[in-house]
Amino acid sequence: MPASSRSSGLGATFENIVMIELYHISKQYQEGQWALLDINLHIKKGEFWFITGPSGSGKTTLLKIIFREILPTRGQIVIDGINILRLPDHKIWKLRRSMGIVFQDFRLLFHKKVFDNVAIGLYVLGIPVKEIRRRVFNALRLVNLHQKMWEYPSHLSYGEQQRVAIARAVVNEPQILLADEPTGNLDPELAFEIISVFKEINRQGKTVLICSHDKELIRHFGDKILFLFKGKIIGKEVQPFSRK
Amino acid sequence: MPASSRSSGLGATFENIVMIELYHISKQYQEGQWALLDINLHIKKGEFWFITGPSGSGKTTLLKIIFREILPTRGQIVIDGINILRLPDHKIWKLRRSMGIVFQDFRLLFHKKVFDNVAIGLYVLGIPVKEIRRRVFNALRLVNLHQKMWEYPSHLSYGEQQRVAIARAVVNEPQILLADEPTGNLDPELAFEIISVFKEINRQGKTVLICSHDKELIRHFGDKILFLFKGKIIGKEVQPFSRK
Amino acid sequence: MNNLWQYRVRNLFSATIIALSFLIVGVFFSLSNNLQFLASQLAENMVVAFFLNPGISAREQARIEEAVKASPGVAHVNFVSREEALARFQKSFPELEDILKNLGSNPFPASYEAVLQKKVFLSEEALGLIEGIKALPGVEDVQFNRDWVKKMQSLSRLARAIGFFLGGILILASFFIISNVIRLNVFARKNEIEILRLVGATNTFIRLPFLLEGLTLGVLGSALSLALLYILIKLFPLYLGQSLGVLQEFINLRYLSLSQCIGLVIGSALMGLLGSLSSLSRFLKI
Amino acid sequence: MNNLWQYRVRNLFSATIIALSFLIVGVFFSLSNNLQFLASQLAENMVVAFFLNPGISAREQARIEEAVKASPGVAHVNFVSREEALARFQKSFPELEDILKNLGSNPFPASYEAVLQKKVFLSEEALGLIEGIKALPGVEDVQFNRDWVKKMQSLSRLARAIGFFLGGILILASFFIISNVIRLNVFARKNEIEILRLVGATNTFIRLPFLLEGLTLGVLGSALSLALLYILIKLFPLYLGQSLGVLQEFINLRYLSLSQCIGLVIGSALMGLLGSLSSLSRFLKI
């Protein structure tokens, strides 16, 4: 698969183009309990969003639906013009190659070295080894972990593992970057640095969505903030002139 | 095993008795890299400590050594008068029954219900079923999760899973409570509540050690604070008259 | 034990593998049994015939009879008169009737047929015994199929060798399988074991379920294999149908003896226990 | 393929199980081969003897010879004169020499011995053939061991039945084992598969390694089993030693034929592929 094909239709250069559209999205894991209820949201290309809300309010569920890891019970999602619910299973990989995600539970491979954990998304694209090495090193340097490249994740501290997950998500330079509590296990200084990295990526035209509880971070970086509570949007804060 | 035996020698009622003594503790996972270096620390019974420091500074390593999950490279640890490094493997269970721990990665059993995850420490003690049910319910109510008692952990949000881990650690009413970043995935309000729970337990005479990055929490609750950096103690803050 | 049910798919699979492997052991035990049975049946039909001189005196004949009967290892003795010998020959070779009719006198000698005890017949001491009697006056000739004796000896040895050889290999394989199955189970429950340790479970508390599991798997596997073997043995002749009437003696398959069954079950139970122990000692250090 | 090495312990274990199971299939194929060989050898020694009237005319005899030789399925024909018949009898029954000496004339008739082709001998048409020749004038009697014919037929059928029955069961079992081994492997790499999906790997990219793994396991397992079988067959007689000289015909074990070996390898390769596919289709839905 040529590497260029992953940006087909997604790499449009217009500003103000809508990237993620959610229409009446609801999710019910179990009868009678709505993890998400009637979510409507339009996210433009190049925007930087924070999603916040108490534990169990549906933040992770929302990210998983956008990533098409789970399907919503109701509603439609359009990403870069494509209704991803109509996408057949064997074409999901096209969508996935345009996105990077940092899961709340990291999902690292403990029997593979940090290098391979980060490189796995590049292997899949069939990129030459030299190029892979360069890109992985750069991604790890962004999160200040290049000196642990040849360690196993089980030999890392929890915060270091989280940074590996972040490196894996950004190494592909995806159009859309989703991050679920990416600084939950980092000290405030490092958290600040990491979000700056996301901001830098955002400045290159990528769309970024971050779930976070950290009020200070949100206060400092939040261009656009979505407040969730019990599965519902209870507020949006949008700065018309963001700091970017 | 009668339930009472677990507090043998550990439930002394004197104040000012030393509970945890660390002498020149150092830990080297790999040649040349000291995860901990010459840590000396005396923690008295009924004290409430925060341990803080940047990612990778050795907080988790310190807790694991106290819990005797790993052995230090150098130094000695005495817990309630017993040198735990001299404790033979087949007697570790006695030490463990006097401690509760919340791991940074939770370590829940995903094929067992929340109830069983919390109850596992009580099963081991051979406590009657009725009593187990009562205690588990109370522990889950403390972390505001009693309504999810019969769910599987995989059906919970990340913050909810963290609360299950907390409930499991406190259900035994251990003499020593260790918690590694117990509020990393919780919203500030809930984090506040949870630490209040720990404070309440501490008020009953138990010794509590919490690792945390959260400056606000530490500012609010911290009687005694230990600052780690690159495996060394770079500071201690001790309020002579703590708020308890 | 709880866990046996929890991982029922994996454990069913394991029990099936174990049963299969024991079934193979069982098949060969049963084959060996059948061979032994066939051998013993053939040996029972084996007799040594001492032909008497036509002109033998009554005293000499009595001495020979006594000597044959007194020999250790002789089960019982038949006297075959000359008339009986003739009648037998006529029955065996009806196409030679003409020849016999043309004969003036009965050419067949009388004989004592000694039926030897199986264990004696298959042993070397039979030869000495026979030589001794052959030396008596009045014994004209001795007839017995020494080749058959040897073949029977070899066949019996072969059966035993197959039994030990394949049995040994397969029992080793079964041990290997059980121990690996338990290891997989321990491995699958690594997390649970770890957490049990963390909450202060004693070693016994952690190990007991696995030991019971190994025991149960062993017993279950062997019981299943015995049932399968029984069905196989009962169904196999049916499947082959009527056409085998003439092969009756070959396919009259016999099941394992009770003591063999009990031995198999106890053996596999032990194997299950040992298999668990060997896995546990490796995985459950701390 | 990388993963074959990464999980070498588990895969070695798997290959061993598969090899063991194929070994059993191989043992029975080889047993069946040996039985078939024994049967064919016995069949080759089987003849039908047509006894001639003592007072037969030369023309009648010529007609009989012609009829026997012209019969389809007759491999070749021997003429046994009366003198030869007598000589044979003397050789077979040396203890009856006295009787024969007392005879005035040679009581044995001359005969044609027809050696039948194996396939004819074991078939029912042999009977019709024999009846036809028996009806010719000058044929006094026909002798052939119909029982032996039947036994051979049954034995051959038995061998084939054992082959199909046990072979079928064991090949099913092997398929089950391979498919489960691959399932375990897929299961063990669930996390990796999940992450590959997350980073946008195509289905082919994910499936190919498992298919190759199943293929390799199948081929490895069957090759290993062939090697083991060879060793078993070569070592077994050695182990039994000299004592079996008289049983040479039983233990002159034959290996599988080349086409059977190739069949086994290809079959197990296919089995590996199918086993992987069946596991993958269940686990790799999305």
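Order of writing sets the labels: A, B, C and D. Residues in every chain begin at 1.
As a working rule, a residue touches a chain if its C-beta (ideal position, glycine included) is under 8 Å from a C-beta of that chain, and two chains touch if they have at least 3 such contacts.
In this text, all values refer to a predicted model and were calculated from it rather than measured experimentally.
Chemist: How many steps does it take, at the fewest, to get from chain A to chain C if each step moves to a chain that touches the one before?
Modeler: 2
Chemist: Measuring centre to centre with C-alpha atoms, which chain is farthest from chain D?
Modeler: The chain farthest from chain D, judged by C-alpha centres, is B.
Chemist: Can you check how far apart chain A and chain D are, centre to centre, with Cα atoms defining each centre and the answer in Å?
Modeler: That pair's centroid distance is 65 Å.
Chemist: Which whole number of Å gives the spacing of the CA centres of chain B and chain D?
Modeler: 70
Chemist: Can you work out the whole-Å distance between the CA centroids of chain A and chain B?
Modeler: Result: the chain centres lie 32 Å from each other.
Chemist: Tell me, which residues of chain B touch at least two other chains?
Modeler: If we look for residues of chain B contacting two or more partner chains, we find none.
Chemist: I need the residues of chain D touching at least two other chains; which ones are they?
Modeler: In chain D, no residue touches at least two other chains, as defined above.
Chemist: Considering only the defined contacts, which chain B positions touch chain A in the complex?
Modeler: 29-30, 52-56, 60, 104-105, 155-160, 163, 180-181, 184-191, 213, 215
Chemist: Can you name the residues of chain D that touch chain A in the complex?
Modeler: Result: residues 6, 191-192, 194-203, 205, 285-286 of chain D touch chain A.
Chemist: Inside the complex, what are the residues of chain A that reach chain D?
Modeler: 1, 6, 67, 69, 89-90, 92-97, 101, 107, 109, 111-112, 120-121, 124-125, 168, 172
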